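Here come two complexes built around chain A, the first alongside chain B, the second alongside chain C.
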Partner chain A sequence: MTQPVLILDNLSVTYTVGAGTFYAVSDVSLEIEPGRVVGIVGETGCGKSTLAKAIPRLLPEPPATIGSGTIIFQGTDLVKVPKRKLPMVRGTGIGMIFQEPLNSLNPAYRVFDQIVESIRIRHYREMGWVKSFQGGPNPFDYSKPPDTTTVAGSLSKAIIPSGAAEEAVRDRLQTRSQYREEVLEYLRLVRINDPETILNLFPHELSGGMRQRIMIAMALSEKPALLIADEPTSALDVTIQAQVLTLMKELIDEVHASILFISHDLGVIAETADEVGVMYAGRIVEYGPVAEVFKDPRHPYTKALLKAAPAHYKSDGPLSSIAGSVPNLSRPPSGCRFHPRCVLARDVCRGVTPPLAPVDPNAPPGGRHIHRSACYFAAEVPGLP
Partner chain B sequence: MGRNPGDLFIFIGKRLLQLIPVLIGVIILTFVCTHLKLQGLCNAVYPHASPGTIALCNAKYGAPLLTQFVQYITNLLQGNWGQSTLGVQVYPQIAADLPATIELVLAALFLMIVIGIPLGVIAAQYSGRWADHLVRIFYLSGWATPTYLGAVIAAVFIGPWLGLPTRGEYSTVVPPFHQYTHMSVVDAILAGNFPYTIDAISHLILPATVLAFINMGIATRMTRASMLEVLPLDYVRSARMKGLGEFWVMYKHALRNALITTTTVLGVTAGGLLAGTVVIEEVFDWPGIGQYAYDAIGGGGSTANFDGAIAVVIIFAIAVVIANLIADILYGVLDPRVDWR
Partner chain C sequence: MSATRAPPVRRRTDHPIVVFWRVLRANPLSLFGFLLVALICITALIVVVAPHLIVPYGPQQETGPINSPPSWQHLFGTDGLSFDIYSNVMLALPLDLGIGVGIAGISLLIGGALGLIAGFYDTPGKLSGYTSVSIMRLTDIFLSFPSLILALTITRVLGPGVVNTAIAISITWWPFYVRLVRGEVLAVKHLPYVTAARAAGVTENRILLRHVLRNVLEPLIVYFTLDIGTVLVTYSTIGYIGVASKYPGPQPEWGAMLAYYQSGGLINTYPWLVLAPGAAIFVTVLAFSLLGDGLRDILDPRTRRAFVRGAAPEPPAERPTAEPTEARDEELPESSPGSPLGSPNPGGGT
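Right, the complex of A and B next:
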């Protein structure tokens, strides 16, 4: 069995603002195996982004505090890594694509300089010129043979340093013109039609979709072992969203990547992820293979969420909504955090937080890819119509 | 989109044209101020002069204001900057003094940039913590120091204590080489005279440090403020996520953008520094234009020198405008989003 790239164990993140404490992420446990895409879905303010940023320890501490739990990335607990060593993990270890492409590129530098910086960081670490995080033999894997029958496959062919080509790649990375070639390859990888021109532009001269493609190219160019995509499409126009999403899906197929995909869009997760965790008020309430979770939700919240999604774009009446509102995370409800809005809630729900337990009581303990739900009455959740 | 390098020349040309009305205004103002109350001046200035000299003097300063003004402007346009009441030509004096002041200001500016800006970065990086407070104490104490006091303390106590010279540009009054530029360090280097280069630098250290220390607060404070604005931005986070160390995140990504504001302010300050060296030059006996200006307005018991005073004001005005122009150009260079038009 392969070692997971990332294991989160009971991770809790709190924000201390003034006298109040916000429990943004509570007891989240999660495993990402190499090459698998794990989606996290939930409504705004449920702690998705906090979770994404907590993993590479990108949250400003303070106000954020990692209260308890561990973030085991390739065998090392990132919670215990001292601050000054964190850069070694970032980039080549954990890469990230952010929500806000408009401001995520430095306005003062040309596209070329920004991508080449990423390539240099990886290059120096590969060469051992600078210290990097020695986690395990799990680099971002491009070794899957590309499907040359698709345009995408033939385009990505050039960047694949398969086996013996590794040495050649290192030799190639010597001069500026050679760096330039590599930058061009990554720009082509993210389907930029005119990379030669784009190279010399400043971020303010590019559209939002373009900038997000460049952010993706930048993250991929470091060949991270784990890529975190924090709502990469939600800040974009709908048409651009579709394009970037298609690109993401193609890239997921092309590169054998371990990805944590955060989104509030159920459709996006359904299309990209292998497994999905549904978050509500800082907790994962349901977890399992995408097909099972979305076809047969075993948590009342997941079910309500799926019912509320405008799945068919047809005019069959008003969209359903979940009664009540998202709890204030500075004073989360006792027990199951969903109980104030839940139709199935009983007294036991107010008392003790239900554990994330396998839905099928006969499931082998400790088995992976098992459908789990944090509900005492998982079996009673009515199926989707 | 994109910028045409030619636009930059048009931009500079436009700005230099704007200099003309500024200069006209400055000349009129200074001229009127200095010449308004000159009745009986000649007798006051030359109490023991012969009637002939007095008559000559009256011929120059006794005429109606407008006539004098037209005369002055005519001379100025012909390249004649006039002469002092004692008959010394203004131009050669200024040509020798101005470079010395520019040298002093550039040295101070250099110190403000290499010390003040990193201090601002540190203050922003550790804002609210002890490093920030230390930096604030440092630049506020500079800001709060009156120039004369700082200069005198440096000249009387700190200089001798550190063994640094406190008077003049060189240890000898006249250096053994030709002064092409009248900038002490540059001249020594041009002459290839190594001991004198060291000598010139050691003479420059104290006045430049005092000037820099007093004005450091502007650089530090502006850098700190704009760094605090830049640090929470998304691209700083992206830079961190790339795996860059904190040093590169701060100085390559954040400071590069924060500098845009600091540069503008420093440009404006640089023009002001030029005019603000009067006291420092006087204390350190620095042969610059500040000292000339001090003498020209009759400081230190010297005779008033009206043409000299006007010339100094003109030079200061030009300096302020050019410093602003340089700041504007740098602004465009630093921020690719600015259009040169």
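Right, the complex of A and C next:
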């Protein structure tokens, strides 16, 4: 039985702005098994990015507050980790790819320097020169042979710390040319042609797709146990998007990563993820294996969302949309947050928030990877137009 | 079009000094400023180390003719006490240069450090927040006084003299740097690349010193070089009022010289007297201002490349031909008009 890389338990994140409180993420529970790709899909403003940034505690606190719940990353509750220790978790523990590739690279440094910084962080932690995070069982023990829990594990030609003998340490001091080789390796990993030239360029000399590849290379070069991809393809135009997506898919197969993949694009999630959580107004309303959720949605919102996705084979007729608008998260609707827009809504929906319950009534309780829906009338959803 | 390009010859070095030179060469005014600053510094050094090489007379050496116009004997003429003006202007150079660079430098260090701290560590309600607010209010207090008057007052309290005046100006000068740096830090610290660095596990202090400081440096250095001129003028003003240095005296100073030469109707009778110290101040300020402009271009990687390309056009890197779709993505920005940071027409020359 493998230990999940990440367990979110009833995580709630609020923003306090002035006198108002925004319930951006409410009671999100999630488990990511090693080597699995979990997708989160939802429309703009549903709390996807807040969730992504809350996990490595990247949200500025204040205004953000982690109201309740736990973020158990490899056995340690990150909510309880003091702020100054958080950098030890980030990068090598939880890596991130952001949605703004154009601004996510420091304009003042060459590609080489940026990737080397990441490699150096990992290298120093592996060597024990810099304290890495020690909570519970050492989560960053790369002395074990690379396994499915480490992104890019299959590529590691690393640098495994053995004994603290001084000579060994001296051998581990990487020279610039050794770093260069490693950087080139990661650039090739993300399918960059002519990496020797790219190395010496500044970010502004690269296209958006190239920059996003560099970002991916930087994240992978730290060999994180969990990679969070926060809409990695959203800011790119369609052709580049397809390329980066193909790359991501190939890398997922290659390195057996544990990934939390966040996107508003149903197609992207369908192609990349193993399991998907559909978010609406800060809550996960439906969860389950991708094929099941998309083929047989059991929440009215998922159903409507899938219907609203433009299909390329259907060119006639207006695009369908969901009536009503996204609720104001400073005063979310009572009960099920989707009820004001829902065709199935009844009195019970306004009163009590429906739990995320297994769709199959015969399913054993407590299963976290089976198809679940937060709707009282999940059985009626397939009959919806 | 890529088929007709010559095979790539990429032997361009990217050594900072080489880049520095390329930008300067592409930008004649900056080059002029740079050469002028270099000339001023070398001259100042010679005056300090071996004055007899370029300074023919001592500061208070009587040379014979009184109030003589410029001649080969006395390059800028002599004054009412038959002191050689050229020699005095030269002897004042190291002092004035040191004052300018020194005061601006001290302000840069103190104000810059305080600005970084106040801008970066400002979590409200925590110790850092209170520190930040304290620094800024202190800065505001200092900024609320007119700096020249405050400097004059402090000089009065400390007593006249070069060092005391320098201290007085420094005390009034650093708040400008705090404001400048803090503003820049506030703008930079929420940019995605700072968050990205944080997500990569970079510690806060390192983010400040490596990622934030580097991107604040550009306006800071430019302001610093321009400020050297301003400091010089301020010091000369105080010198002009007669609080800082005395002229004639053993250590001449441009401001004091100006004051002396235009007093008592001298400027009407012997107008060339003020010319030399005035020109000295003017040239020094101008040189640093031009240098500042050039440094801005050098420090910004975007304009740096643009200038380098403009100066020495060269074929962009050729790549091994991949699948067509792949290649489109990997073109250099010359052919990708979508680059939002758009370097100003890299190929087009200047």
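Quick notes
What we mean here is this: the second predicted complex is superposed on the first by the 339 of 385 C-alpha atoms of A that agree within 3 Å, B and C clash if a C-alpha of one lies under 4 Å from a C-alpha of the other, contacts with A are read in each partner's own complex, and residues count from 1 in each chain.
The definition used in the following text is that contacts are C-beta pairs under 8 Å (C-beta built on N, C-alpha and C of every residue); 3 or more make two chains touch, one makes a residue touch a chain.
A quick note: this is a predicted structure, and the numbers were derived from the prediction, not measured.
With both complexes brought onto chain A, simultaneous placement of chain B and chain C is prevented by a clash. In the overlay built on the shared chain, the residue A:Ala357 is in contact with neither chain B nor chain C.
Look at A:Asn193: by the touch rule set out above, it reaches chain C but stays clear of chain B. With both structures placed on the common chain, the touch criterion links A:Ile121 to chain B and to chain C.
Once the two complexes are laid over each other on the shared chain, residue contacts for A:Gln243 go to chain C alone; chain B is not touched. Counted by residues of chain A touched, the larger count belongs to C, out of chain B and chain C. Counting contacts as defined above, chain A residues 56, 58, 84, 87-93, 95-96, 98, 100, 103-109, 117-118, 121, 201-202, 204-205, 215, 218, 222 meet chain B in one complex and chain C in the other. Against chain B, the residues of chain A that register as touching in their complex are 56, 58, 84, 87-93, 95-96, 98, 100, 103-109, 117-118, 121, 125, 201-202, 204-205, 215, 218, 222. Of all the residues in chain C, the ones that touch chain A in their complex are 10, 14, 123-125, 191-193, 195-204, 210-211, 214-215, 301-302, 305, 317, 319-320, 322, 325-333, 336, 338-341, 343. Taken together, the chain B residues at the contact with chain A in this complex read 1-2, 233-235, 237-246, 253, 256-257, 334-337.
Interface of chain A with chain C (complex): residues 56, 58, 62, 84, 87-96, 98, 100, 102-109, 117-118, 121, 191-194, 197, 200-202, 204-210, 215, 218-219, 222, 237, 239-240, 243.
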